[in-house]
Every structure is written in structure tokens, then in C-alpha cells.
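The following blocks contain the structures, represented as C-alpha cells.
Note that subunit A is present in both complexes that follow, paired respectively with subunit B and with subunit C.
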Partner chain A sequence: MTGAPPWLLLSPCLGLLAVFFVLPLAWLVRVSLYQRTSGAGGFYIADSFTLDHYAAVMTDPYFRGIALATLRLGLVVTATTLLLAYPLAVYLWRAGPTLKRGTLLAILLPKLTNLLVAMYGVLVVLANAGPINSLLLAGGIVREPLAMFANLFAVVVGETLILVPYPVLIIATALHGVDPRLVEAARGMGAGPLRAFYEVPFKLTLPSVLLAALVSLVWALGAFAAPVVLGNPDLYPVAVEVYTTTFEDVNWPLGATLAVLNMAVVTLLAMSTYVVQRRIERSFGR
Partner chain B sequence: MNSAWDEASGRGRLGVLVEPWPAAAVELRGVSKRYGATLALDDVSMTIDPGELLFVLGPSGAGKSTLLRIIGGYERPDSGALFIGGQRVDQVPIERRNVGMVFQSYALFPHMTVADNVGFGLRMRGTREPARSERVQWALGLVRLDGLERRFPRQLSGGQQQRVALARAIAFRPSLLLLDEPLASLDRRLRDEMRLELRQLQRRVGITTVFVTHDQEESLTMADRVVVMHGGAVRQIATPSELYNRPADPFVASFIGEMNVLAGVVVGVEGEGADVRMGNVVVRVSAERPLELGERVTVCLRAERIRLAPAHGGDEAPSSLDNHLRGRARFSSYLGASTLYVVETTDGMIFKVAEPNSVGLARFQSGDWIEITWSPDAAMVFSGPP
Partner chain C sequence: MSAADMHEGALTTDERKGMWTAIQRPSSIVALSLLHLVAGLALACLLAPLVFCILVSVADSTSLETPFATGRVSLRWYGEFLGDPRWLVGLSNSLQIALLTVTISVVCGTSAAMAFERCRFRGRAVIGAAILTPLFVPPVVLGIQSLTFHQRIGLWGTLVSIAVAHSLWAIPLVFTVTRASLAGVDPWLEAAARGLGASPVRAFALITMPLILPGILASAFFAFIISLNEFIMALFLATPRTQTLPTLIWPQVRTNVTPVVAAASGVTILITVSVLLLVNRLVDLRKMVQS
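Entry: the complex of A and B
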């Protein structure tokens, strides 16, 4: 193992990325700069160059609405995901080895189901004739079925279900790096259980919480299946718009423009997260 | 001594009034603790005097750390009672016990500066600035770490981290200080230096201190009293010299210093002395209490209480009541100030013998014939087999 030059270990993965990610990405950027064909025949005018699509996206209130819908969904999903993930991560940190393994399995198993199948599963549960509404109706708690799908609630439920394992794993890993003696030391010096947790493990894992938030947000900003299956057109984020623009309106350049801008936002987010993370860590003297 | 505390005026260098330390007495009554099938503490009772430096000594697994953790509140005893400063505390949560602790790993907060680490206990108690900073300065002065307030633990050496842990444990004026093998991870020179410093600091501050160690030398040189533990039980509580000269049982005897532990049977009783047969040899011992004929005993003989002489040719009659045996040096290890020999007698018994090197050289080589001699009152006799 140690005899192999480092680049040899890196190259298969790097090659895969170059061919199937970097090349298409470059192509995507190029497509976004073509002019659209006015009539039938072809998806764009070859050898043309225009910034019209970028200008359109930036100025059209329609796209501003989509951007806001995307951002709102992203933030709500990120907040929900973190609120669910943090206690679970703390539980994993405190649990004994058997419970820990069992819980980890329970967290990871749903990831083995097909995404669409999972989303339709959520739909079935939330539907008017679904188990929740049936119970509420039978119990006389509601007179009419609660509207629990085709709205933001349903999309957030579905998207959270998809995302929650990632922040759990990120935060739990960080917590595992915290020496339990530190909590004991804090307790011994007069901190109650909650205060001790806040002062030591919570503060020490803040950079990882930030990373977990970023991962959730990036995923949520690219949400597709949950909004389509569980939402309504008013809630469709940019990923759905990219799809409809490209394949239903057959407007490749505009679709590509939306995709490029989405990527740019995500890249910017990742970079600013890194900066904030470094700042927190530096305040720890690292 | 670069002290932050002026003994005469009772004032710190910064003018902080240092009230007499609220040194507390500690009492344990029948404290037991079980982990699954293991009895970690077995009915432990003891009292610790205010201001005392008590050492808890024992091999690993003896229950030393469990004892310390129960006193500090890090574990709850299964049964028994614990009193600190006259108040029963065994059910009081850890954060309300006001006990300072230095962990073996120091457990410094990596995300806090030295000042924040040391001031943590004060902050938890609601001590505001500038009183907090003054107290932090006082504690850092005590451990001679002034000027490193803004460093982070990872920027400090092991010895400095150790001092921060100590300053942190006393800054909030605990009524009791607990130290869990605090010097174990320091190199030998630093350890010796820290021992002396810790002892001076403890005396100066006057805080009741419990110090856990498995290093018998450490406990003998520093302690007011030493608790020797084995298998979760207290074997003896005594001053270092008592422990050395009057051990309670063969375990304590052999745990302190180099000891020859020999099994024998009493074959003759005469006044204050007795004859004990060990294998083919009969030796004379003097016992504090009357021994009975046929009683099985354990004879403990310190390596440094045996004298060595070159073996002469012929069989000489013993010149006194001393015990004489002949043997050959099988092994010798040169320790600088002394040499430790392993001597095998003609009867096949093995003795460890320590001899000071008067001219800085070992007197005998492996294979040399040697005569070993000890007086009857050099040996300690305990009932029962070892």
C-alpha cells in the first residue's frame, strides 16, 4: 500500500469525476450561453453566444418567485433536519454499543429504499384516506380529513426523511471525538448537566453542526422528488423548473442557465461556510 | 519562591484577600460500589482530616479511582455514607459538591484559553469580572504560569497543562482537592519537580487533598497519611513511616519497598522469639505477639535489612542470635546508590538483598559465594500463609 504513489490511489476517482462531472459541467455552462432556436429543429443555435438567459433569470419576477420558493424550502428543511438530527446524534453518542449499532442501522436502512418509493410512502400516510386521517376521523377529532399533502408540510416531511441521516452522521462523528472526561470536569466545577453539555460538547461540535447545516441546505436546494410528489406547482423549486424548462418547454439554454446559477449559489454557500467554520475553529486556538 | 500569595498578610500579589481556606474533613462510612460482578469498593470506611494530604495507594484495579470518583461525586456509592465538611453528600449531585479534581488526562477544555479554563468553575458560580480575573491570576500565580492566560491547552507542554489543570481545580476555592494520578504522564525529572511543588502548594493553601497513585515512592515522600488498597478494600491507613515499619499485613509489607515474603511453620517458641522452619532451614524471629507451635506464618524481610558478607571457607558457629545463610549471587542490578542482589541459598531459597554501594561500586558479582545475615527483629511475622 505504502509503496504506491499517492496519485495512483487518487486517479481512478479523479478520472471518473473528470469524465462524468467536470466535462458535462463545462458543457452545461456552454449551453447556457447559446441562443435558443426560434422554431423546430435543434435545441439551440450552434456557435451563437448570448447572456440573454442570465439577464432574463435575473430580472424576471417569475424566476425571483422560484428562487424564493427554493430558498424557503431549503431553510425550512435545513432547520427541521437539524432539530431532528442533533438530539439523535447526542443519543447515539451516549448509547451503549448495541443500541448504537441498532440505531445506526435504523437510520441508514431507509436510504436503501428507492427515493420515489419512499416519497409515495409518505404520500400514502398523509393522504385523505391515509392512516392518520382515518384515525382522526374515526376518533371524532376532525370532521373532514386534514389537508396534509400537496403543501409545504408534506414536502418538508418528505425532504427531511431523505436528508436526516447525513447531519446525524456528521454530528455524531464530531461528538464521538469529545472526551467524556471534559463533561465530567465541567460538572465537577459546578456546571449542571445541561450547562456542561452546552459549554463543552455543544461548543466543540459547532463547526460540525455548521457543516451538517450546509450539507442539508445544499441537498434541500436541489430538492426534486419530494416537491413533485408531495407538493404543488407553487412550491416547485429550481430543480423542478430546470426539468420543465429543459424537457417540457424544450428550452435547453434557459434550463442550463438555471442549473448553472443554482450551482453557483451552492458553491458560494459552501465557501462561506468554510470561512465561518475556520473562524470558529480559530477561536478554539486551532 | 515566586508566589502569588503573601503568607504574612494573607493577600495575593494583586491584593486579592485570600481568606483561610475552607478545608473540609471527609468521612466515609461503609462505602461499597459494584460494577456488574466486580466489587470495586468493599465496605470502605475512613476519615480524612482537614488540610491533610492523603494518598491512596494500590495496584491497578484496587479501587483507588472508584474511591476518588465517589468522593468527587462522579459515581454514586451502592451503599454507605459520605460526609464532606460534616454534611452528608453521597446523594448530592456532582456540581454542588464544591470539590476540585485533577484528572490523569488533565481534561482541559481544548476550545478555551488557559484563563477561561481556570476561570470556568468561577464562571459557573456566577463570579463576575473583575473578581474572576483576579482569582484566575491568583491561581495561575500559585502554579507559576503567569503570562500564559491567552494560550490554548494544545499550545502548552505536558507540565504546563498539568499546572493549568491544578490551577483550574483550586481557582474556585473547593473544600477538597482530588488528584487522580496527576503526575503519571510526566517524565521523571518533571515528576520529581512537580511532586515538591504540589506538596508546597498544598501546605501553603491548606486544602484537604486526596491523591491517588500506584507509585509507592510518590506516596512515601509526599503524604501525611497513606491508604493502601487492594481488591476494593482498605488494607491499612497509616503515616508513611508506620506503613514502612509496621505494615498491617504481608500485602502492605510487600507493596512498599523490596520485600522477601517467606512461608513457614513455627517449630519452637522461646520468650519473645520463635523458630520458624522454612523448607529445610530454621530461622529465628522475634514476634510482637505470642506465636503458637505449629502455626503457619508469613515472614516478611526487607531487602535492605539483610547484610552481606563474603562467604568464608569453613563452617563457623554463628557468633550471635542472628540468622546466617550461605548462598550464591544469582543476579545483581546496579542502582547507583545501591545494588540489588538475588541470592540463592544452598537450600534453594531465593532472597532479594539490597546493599548500599559504599564506594560507588557493587561488592559482589553474579556467582560469588555470599553469606547473608539478619537479626531476628528485622523480620515481620504475620499469621497465615502468604
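Entry: the complex of A and C
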């Protein structure tokens, strides 16, 4: 409705975000500063105030191990995700109309089905009796089934599968925005097809590759399903720790503390990548 | 190049004239077939888990075997799924939450999209970024912040509690998709209807609404799929009475993996694929990367 004032149209959306996103985040910070209860009745001691949980997380080597596991998984998964996503994005960009639609559906489908279902599927594929091991055994390539689950390999496979649609869509959108005449110009000036690709679309889409890397890293740092279904306790990142602390230890304040710190790292990352991306874009003269 | 030229026909002609002519060169034949190979393998990896999940669900076996291994196809695990009230309650909860999520996110997302495409106001960039922010917050953080807050205000343990959390992800998607389809509608059409004497509401209902309806429907279906399959926030918010299908699958996947899980997963895959195909009929998915 053209005549409606913008604040009226924006109020349902912003109202919901304020009440169910901003307020809960503030409340989460408050909960992380409560003392936990020792007995029954409530999840924290009302009106208490303590920084103990933050101190514990900062000093305890147990939590340092979790932070390292989270970071390692995040970086490895970001790398594998980008390696898989870039060729897929190029493929999507070059594909004809029908192939493009089919490829998009195939890329979106795993993202839109249940995470657990996808992880369960990975588990079935990688299992000792799964198709890969059956083929390897039948072909005489290995004598015993390869241990492909309950380890870092399986977690990386699973998490990459969860994350890959985002970078593909981001990079493919950027590729579609590249002026084809620039590529022809490069070709006209004697560049081979690969050289022309490297000089024009590849370099022009670098800022969005960076954005894709950030999005992957943000999601990978929050990894939850893949490590639990496909990994082992040594590989559990902070998200799993938040869950077990909250539900198995029923320690809401500590769970809230871990979540607040996770959120803080993600926010810092997003802000720094934004700054770097702006600088790259400016160096292109845009 | 004008906006109209950017459409597919022009692009494919460009491709034929431009890059594809390089096919004759041996080096680019290698590069192209390598691209096909890598992309094909990547797509196969993406789809393999879902395909095997379906295969396991229709195998007549108590372990995780495919019909190729057992030689027999059976729907017994689907029978077991449908015969267990726990699964059925979960399915019903999931569907109710998904419908609530669709309602909340379409109301909030569409109205915000209209404000962005049809009105002038200050702070567009900041408000636009704020609406998208929840998409980039780790689901575990959204889960525990909703848990502590909903427990405080007494919403915890209701289906609405989970639907509201899911809306945090659904609203930005509805907002983005609807905005894109609104941007494709000439605002002068509605102005013309107003000029011919239609009231603002009537002009919107008769002119703009039918034009953006496919976009709104597509975004509603996306919201539905997201809510149906989301499980981390649901895991934090669900109580024994508000278990969803994914939160019921969760302990099964962690401990005793039986093919009934594959059947439960098969049900969600089936619903998701049908809805996705419906979306594909409604809107051109390719616009997602070509806008």
C-alpha cells in the first residue's frame, strides 16, 4: 500500500525482532552473570551477580581445548567448503537454463532438508557396511573397512555438506554480475580462456569469495549436528558444550557464558571481514 | 548493457559468441571436462546422503542396509513410523509449528518488504541489515537465548515459543524474496489504479497483490521448509509435550540407529522435496543467482 506510512509497515517485523531477538540476547548476557543454583528450584540464583563463569572459561584448560577444537574445525571446514563451492558456482554460472535449474535444486535440497537427516545419510554412506567401504572391499583395494566415521574426516565431510550452498549462491551471484564484455575484451587482447577467467571473473569476484568464507566460518564456528553425529567427544566444539552444559549439567549461567563468547567471536569476525571487504572493493575502484 | 539484455537469452548468446568458442582449444576442453567432472562429483556428494537415507528406509532389514544388499524392498519401517503415536505427535507438532512460522514470517516479512520497496524513510541500510542479522547468529546462541527468555516470560513449552524462534530465520528469507518480487512490479501500475479512483487498499489488492503473490507463496513455502527441518533451536526449546519430528530423530541418531529413523527422515525429505518442486513451479529459482 503506497499510502501507508513506513513505520506502520515496519512495526510488526521490528517489533518481533526487538522482543524475541534483541531482548533475549540482552537477557542471555544477564543470565551469564548469575550464580548457578546448587539445588532444585530455578536455573540460577535471582539477583546474584558473578563473573566466575567468564573467569572459569578463560582460565580452564578444558575450555581452551574446546576453543581450539572449534577454531580448527571452523578453519578446515571453511577451506573445504570454498574448494567445493567455487567450481560449483562457476558451473552454475556457465550452465544452460535447464541445467542451471536442476543444479540449483540439487544444491538447495540438502540445505533445506533436515540437518540430522543429511548427517544420518553421511553416516550411512561412510559406515563400515556403507557403499564406499563395500566398493573398496569388493575391489580388493582395502582388506578391512576404512574407519571413516567418528573422526575429524567425517565431521568435515558432514559440516561441508551443510555449509556449501551459502558460498555457492554468494559466489554464483557475483559471477553473474560480471560484465561478459570484459571477458571478451580480455580474450580479444590475446588472453587464453583460463587466463581470461583468472584476470576478469576470478579477480572481480574475490570480495564475494571473502564474504562466502566469512559466512562459512561463522556457520562452521557454530557447528553442532555434524560433530555430534559424525565425530567423537574430543572433537566437540563450543556449540555442543553449550548444549551439554545447559541440559546435561543443567548449568544455565555457564551455558549462557559460552554462548555469549561464541556470539562475541562471530560478531568480531563479521566486523573485521566487513572492513577488509570494503578495502578490497575500494582497491578495485568501485 | 541494459537490464533487459541481462536476461538469459542475451547471456547465452554472449556465452556462445564468447567463452564457449574457446572449446576448440585442447587446453580448454580439458578445463571444461574437469569442471563438469568436479561439479558432477560435488553434486553427487551433496545428494548421496539423501538418496541413501531413502534407500535404507525402504530396505527389508533391521540394520542400515540398502535394498541392493538385501534384495528385498519393504515399507515396514514406514508402517512402524505410522504405528507409533510418538512419531505422529511429533509430525503434528512440526506441522503446526511450521504453519505458525509461515503466518508470523509472512506478515512481518511482507510488510517490511513493502516498506522498503514503496516508502522513503531514514536508516534503510541499518534496518535492512538488522532484519538479516539473525541469519548469521549461530543457531545454538539463538536456541539458548530463546530458552532463557521464553522461560522468564512463561512462553517456554508452547508451540508458539518454537515458531517464534523459527521466525527469526524465516522473516529475513520472506523479506528478501518478497522484496525481490516487489522490485519487479512497476509502482506506476498501482498509481494508475489510484488515479482511476480505486482506494489504496483496493488498488493494492487488485494490482500489486496478484503480481507479487507467487513471490509471497514461494517465500511462505521456504519458511515452511525451514521450520519443518530446523532442529537446533527446537532442541533447546522443546519440552516433552512439544517435541518436533527433528527433535525426536535426534536421540535416535545419537544412540540406537534403526531404519525407522530413515523412515522418519524419508517422510521429511518427501515433504520437503514436494514443497520445493512447488516453489520451483511458482518462481524462477534461477533469479536467486541472477538478480
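Everything that follows uses one rule, which is that the second predicted complex is superposed on the first by the 274 of 286 C-alpha atoms of A that agree within 3 Å, B and C clash if a C-alpha of one lies under 4 Å from a C-alpha of the other, contacts with A are read in each partner's own complex, and residues count from 1 in each chain.
By definition in this document, contacts are C-beta pairs under 8 Å (C-beta built on N, C-alpha and C of every residue); 3 or more make two chains touch, one makes a residue touch a chain.
Quick caveat: nothing in here was measured; it's all calculated off a predicted structure.
Enquirer: Does the subunit A-based superposition show subunit B and subunit C clashing or fitting?
Expert: fit
Enquirer: Just to be sure I read the superposition right, which of the two partners does A:Ala259 touch: subunit B = first, subunit C = second, or both, or neither?
Expert: A:Ala259: touches subunit C, not subunit B.
Enquirer: Any idea whether subunit B or subunit C touches more of subunit A?
Expert: After superposing on chain A, more of subunit A is contacted by C.
Enquirer: Applying the document's definition of touch, where does A:Arg181 land relative to subunit B and subunit C: first, second, both, or neither?
Expert: Once the two structures are laid over each other on A, A:Arg181 reaches both partners.
Enquirer: Quick check on the superposed pair: does A:Ile107 touch subunit B, subunit C, both, or neither? Answer first, second, both or neither.
Expert: Touch partner of A:Ile107: subunit C, not subunit B.
Enquirer: With both complexes superposed on chain A, which partner does A:Pro12 reach: first (subunit B), second (subunit C), both or neither?
Expert: In the superposition, A:Pro12 touches subunit C alone.
Enquirer: Could you look at A:Ala67 and tell me whether it touches subunit B, subunit C, both or neither (first, second, both, neither)?
Expert: neither
Enquirer: Contacts for A:Gly222 in the overlay, against subunit B (first) and subunit C (second): which applies, first, second, both or neither?
Expert: second
Enquirer: Specify the angle subtended at the CA centre of subunit A by the CA centres of subunit B and subunit C, expressed in degrees to the nearest 10.
Expert: 70
Enquirer: A:Ala154 in the overlay: touching subunit B, subunit C, both, or neither? Say first, second, both or neither.
Expert: Neither: A:Ala154 stays clear of subunit B and subunit C.
Enquirer: Quick one: classify A:Gly192 as touching subunit B (first), subunit C (second), both or neither.
Expert: A:Gly192 contacts both subunit B and subunit C.
Enquirer: After superposing the two complexes, find the smallest distance in angstrom between C-alpha atoms of subunit B and C-alpha atoms of subunit C.
Expert: Value for subunit B versus subunit C, nearest C-alpha atoms: 6 Å.
Enquirer: Once the complexes are superposed, what residues of subunit A are shared between the subunit B interface and the subunit C interface?
Expert: 179, 181, 184, 187, 192, 196
Enquirer: Within their complex, state which residues of subunit C touch subunit A.
Expert: For this pair, the touching residues of subunit C are 1, 8, 11-12, 14-15, 17-19, 22, 25, 27-28, 31, 35-36, 38-39, 42-43, 45-53, 56, 63-66, 69, 104, 107-109, 111-112, 114-115, 118-121, 127, 130-131, 133-134, 136-141, 144-152, 164-165, 167-168, 171, 175, 187, 190-191, 194, 200-201, 203-204, 222, 225-226, 228-229, 231-232, 235-236, 245-246, 249-250, 253-254, 257, 261-262, 265, 268-269, 272-273, 276, 280, 285-286, 288-291.
Enquirer: Please give the residue numbers of subunit B that touch subunit A in the complex, ascending.
Expert: Spelled out, the residues of subunit B in touch with subunit A are 72-74, 93-101, 103, 105, 107, 109-111, 113, 120-121, 124-125, 151-152, 154-155, 168, 172.
Enquirer: Going by the contact rule at the top, pick out the subunit A residues touching subunit C in the complex.
Expert: On the subunit A side, the touching residues are 1-7, 9-10, 12-14, 16-17, 20-21, 23-25, 27-28, 31, 43, 84, 87-88, 90-94, 96-97, 100-101, 103-110, 112-125, 127, 129-131, 134, 161, 164, 169, 172-173, 176, 179-181, 183-184, 187, 192-194, 196, 215, 218-219, 221-222, 224-225, 228-229, 239, 242-243, 246, 252, 255-256, 259, 262-263, 266, 270.
Enquirer: Mind listing the subunit A positions that touch subunit B in their complex?
Expert: Touch residues, subunit A against subunit B: 179, 181-182, 184-192, 195-196, 199-200, 203-204, 283-286.
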